[in-house]
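What follows is subunit A paired twice: with subunit B in the first complex and subunit C in the second.
Then we have the complex of A and B:
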């Protein structure tokens, strides 16, 4: 990928800020990278659906929740290690996602955004209630031998498991870009994202591409859910905050900018961790998170307005 | 090869095409002329499955394609150059052209070959093959849209007002290219407001007024027709 001069300056500034935080608050830096990568990992599939189908899926976080519970169920019933449950969880969740897409979202693609938002909001409530009925609202945990693996440098020690999110985010990012550039289905997806009518005209089955993209997005959430489970206490609304945070990242990066999502995710993750590490300021984390988002969007609309 | 029988098309409750029938034979170039709002674009959208027909049928090589989806119609060998071009702005000229063939099984095997013959008709596309489609001028985008349609090795090429928004010299140029394309074993359906230029390309034409065929004749007779001379040629 090629970077513009402006992007180099941005990356340099980011590196500088990271260096300062590394010296001042090393825990916040590491926790922020881990957390931020997770945000980006969850935001990427949301951005994909938003970019190609033009639908903001408010049930995005709930699909993650379902993935977490599926992994939990496999652990509880069959004692299957969460990391080994990745494949079955991805398959089952993909089928659930495709089914829900065909039953609901497919029918409002031509409608206005308001209808789509209401519909996906309804789907999210239904998913939460179904989970509530099956598993109750009691928080549940899975402990594995590796959940709390840690590493020390001198007398500074930190958890290592969640670095997986960082590597997964990079892997998903690279694979998605290769898919869009190099495969026939990926090129069709990219074409549909740019001009659905043009895509139909060249012989692309647009409804099939939509179904595929939605299913792929849900499949990625299944992967993330299974990997998150060892470090996450789950309850029916555990995934809900991720819908809005994912949308925040996608909006901040700008539509279609997948690299930007990882950078924005890590940036906001570190910012959040720094604030949480200041005694008594923890409650400000989300305020700052969405405050930064609002500032970026306003700044961008001014720049584009000129 | 294409036969339209008693076609009605409506948007919501407003009927745009009324009981329309027409025919295109193999290797024939047929024009559809008419003023703005006469139903030319709607007729073409109905053939391509972009709007659905209220009643009547579209038959292509003996098979009814009335209810086919657009992508399947393209696969049958009908290619459209839409009025709004409908290119992929974030892709290069070459990528746009390749996509024209990539999803048509027969054309896919001949991508390189087709690219070369299209570069021969439109050298400007070869020059600009790495440029992003969205950054090209309107005239170049029109050429690209024609090129992309030809990449699928169509048996029937449909053009929806290709002259719209082009400066006169480019229109003349484009219609010269169409005359070249016509020689290559392909039927052409051309919807145009620019009757003067259109008559140079077509063998036979229909004049559409208020969604109905007002009259039909061969190109020579149409250009001598008094009504056409008055209304469309300003003579």
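Then we have the complex of A and C:
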């Protein structure tokens, strides 16, 4: 793949910004990469559902919450390490996701976005209330010896566990792209995402593809939930803020641009960490996060308009 | 004819007496409670209120009448909390109001409370804004939880006493990490004011606090959860005492992130309204200091606390996990004691009796009423300083309720 001159300049500027941040606030760079990767990891399945099904899933964060609680339950009941609980959590959450898709979302696929938003908002409220009834609103945590492991470079110590988010985000991204390009089901999914009517005409089972994609997206959230659990306090609303950030990343990267989600996630993560590291400016992190998002969307629509 | 006439009259008389007696027996004293039932604080407070009412009824009720507790859920929402007072006053026609928690909810309830002016014994809501809203004239209003400024002052008194008792302990440099919302910001303002006073040799922290710095963070409860930038600032400041004012969801992740960046203050203090489930089981919790009104370890030094604990566990098959449980129990028992002392439900008599009632509470301290900055009837004025040791919360100050000595310094 050859890059244009403009892309080289952009990459050079990006590398320069990262170098400056690394020298000025090394911890902000590390925290930003780690946090940003988590944002991207959570946003990827949302982008998949949005790109293929065209559904804005407001219950996205709540599926993550369910994944966290399932992993927590396995830890509490069977003393199963959260990282070992990935497989059962992914399986259980896939079944839950498939069930919810068949019972609800499937029936509004042809409706307008408003109905889809209302439906998924209802699903999110029901999931939160069920969790509240079963586990109450009291925060819960697990303790694992590795979740706060750290390393030091000179006087500078930092946690290493969250690098797992970075590697997982890259792994999920690569696997998703391999799936979409190299497998028959993936190619069918890609075709459905491009043109569902055309895909149906050539014999692709569009309903099955939709079910598969939604289930896959929820399964990825199960994976993320189990990985997040060792470092996160869980409570019924823990996943909700991630829905908003995932939408933001999907909007910033552009529909179907999964590489863009990882870059946008890390970029915004670093920006957020830099703002937070300035004494007295921590409260501006979200304003900057969404401010950058608005600026990018406006710039893109201006460019497309031209 | 005469005989049958007499029989009819006697039958009527008997029926009237029986009807009156049964009417009296079924006419309970109604106490209306408003609590957030979806939250552990409200749920356990309500459980404890039910326990207190059950004990009172088992002992024959109050003034020969049974006590009925009518609970309405505030859902931690101001409009629901205000509607709950209206419902209790107009539909249930309760005699007294009790509850509740959250200053935000209470601020919305105060206009309704002022409208009905029933005798009210309120357990929670610490903001001085609620005190201002109640005003100095409300002689019918009794408030049990210490106000925010009283809490801050009591910590100063406590740390002064601890430093005096343990000369190796130093709290000259204090760093406050506060969540960005109203709760954290109010805490910051209170500490900044106390630090300024201390620098002039005045106030509760005079003589112990010399320097003060604060930094905000976004609580996990509000969508945050990454504290490392704030902790980095704290580490660079190198405080003797690090204190954070946030929510229970922040407790363990903040500790873990502090450990991974190598931040190890001599005193690590948390001041959330509640703690996460099984916090003590987490190895990171050891030597963490906290502020509160109660600790389970009080069972070892207080018979009332022990009785409350055992009865609560027996009735509800769970352990009290928040100080709102013994506070809810105290709420009902204190009101009941006042009613008994008054010997009537007449408002002025009950107010007068409550003003002079002393109740040895399961919170360790004795509840008695005195004026605070604005209101006439304030109950508790001090918090306690507690410390997690080997998975258990222990009282380290006030010394008269201490269940152990402070472990110092904090280390990983």
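Here is the rule we go by: the second predicted complex is superposed on the first by the 297 of 306 C-alpha atoms of A that agree within 3 Å, B and C clash if a C-alpha of one lies under 4 Å from a C-alpha of the other, contacts with A are read in each partner's own complex, and residues count from 1 in each chain.
Everything that follows uses one rule, which is that a residue touches a chain if its C-beta (ideal position, glycine included) is under 8 Å from a C-beta of that chain, and two chains touch if they have at least 3 such contacts.
The model shown is predicted, which means the values in this text are computed figures rather than measured ones.
Q: Contacts for A:150 in the overlay, against subunit B (first) and subunit C (second): which applies, first, second, both or neither?
A: Once the two structures are laid over each other on A, A:150 reaches subunit C alone.
Q: So, does A:4 touch the first partner subunit B, the second partner subunit C, both, or neither?
A: neither
Q: Answer with first, second, both or neither: which of subunit B and subunit C does A:136 touch in the superposed model?
A: In the superposition, A:136 touches subunit C alone.
Q: Scan A:184 for contacts with subunit B and subunit C and give back first, second, both or neither.
A: A:184 contacts subunit B only, not subunit C.
Q: Of subunit B and subunit C, which one touches more residues of subunit A?
A: Higher number of touched subunit A residues: C.
Q: State whether A:301 touches subunit B only (first), subunit C only (second), both chains, or neither.
A: Neither: A:301 stays clear of subunit B and subunit C.
Q: Is A:79 in contact with subunit B, with subunit C, with both, or with neither (first, second, both, neither)?
A: neither
Q: Looking at A:235 after the superposition, I want to know if it touches subunit B, subunit C, both of them or none. Which is it: first, second, both, neither?
A: It touches subunit C, and subunit B stays clear.
Q: In their shared complex, at which residues does subunit B touch subunit A?
A: Where subunit B meets subunit A, its residues are 48, 50, 69-71, 74-75, 79-80, 82, 86-91, 95, 99-100, 102-104, 148, 152.
Q: What residues of subunit C sit close enough to touch subunit A in their complex?
A: Result: residues 38-40, 43, 180, 215-218, 220-223, 225-226, 228-230, 232-233, 247-253, 256-257, 259-262, 274, 276-279, 281-284 of subunit C touch subunit A.
Q: So in the complex, the part of subunit A that touches subunit B is made up of which residues?
A: Checking each residue of subunit A against subunit B gives 184, 187-188, 190-191, 194-195, 197-206.
Q: Under the stated contact criterion, what part of subunit A meets subunit C in this complex?
A: Contacts found on subunit A: 27-28, 31, 35, 132, 136-141, 143, 147-150, 152, 157-161, 231-233, 235, 237-238, 240-241, 244, 273, 276-277, 279-280, 282-283, 285-286.
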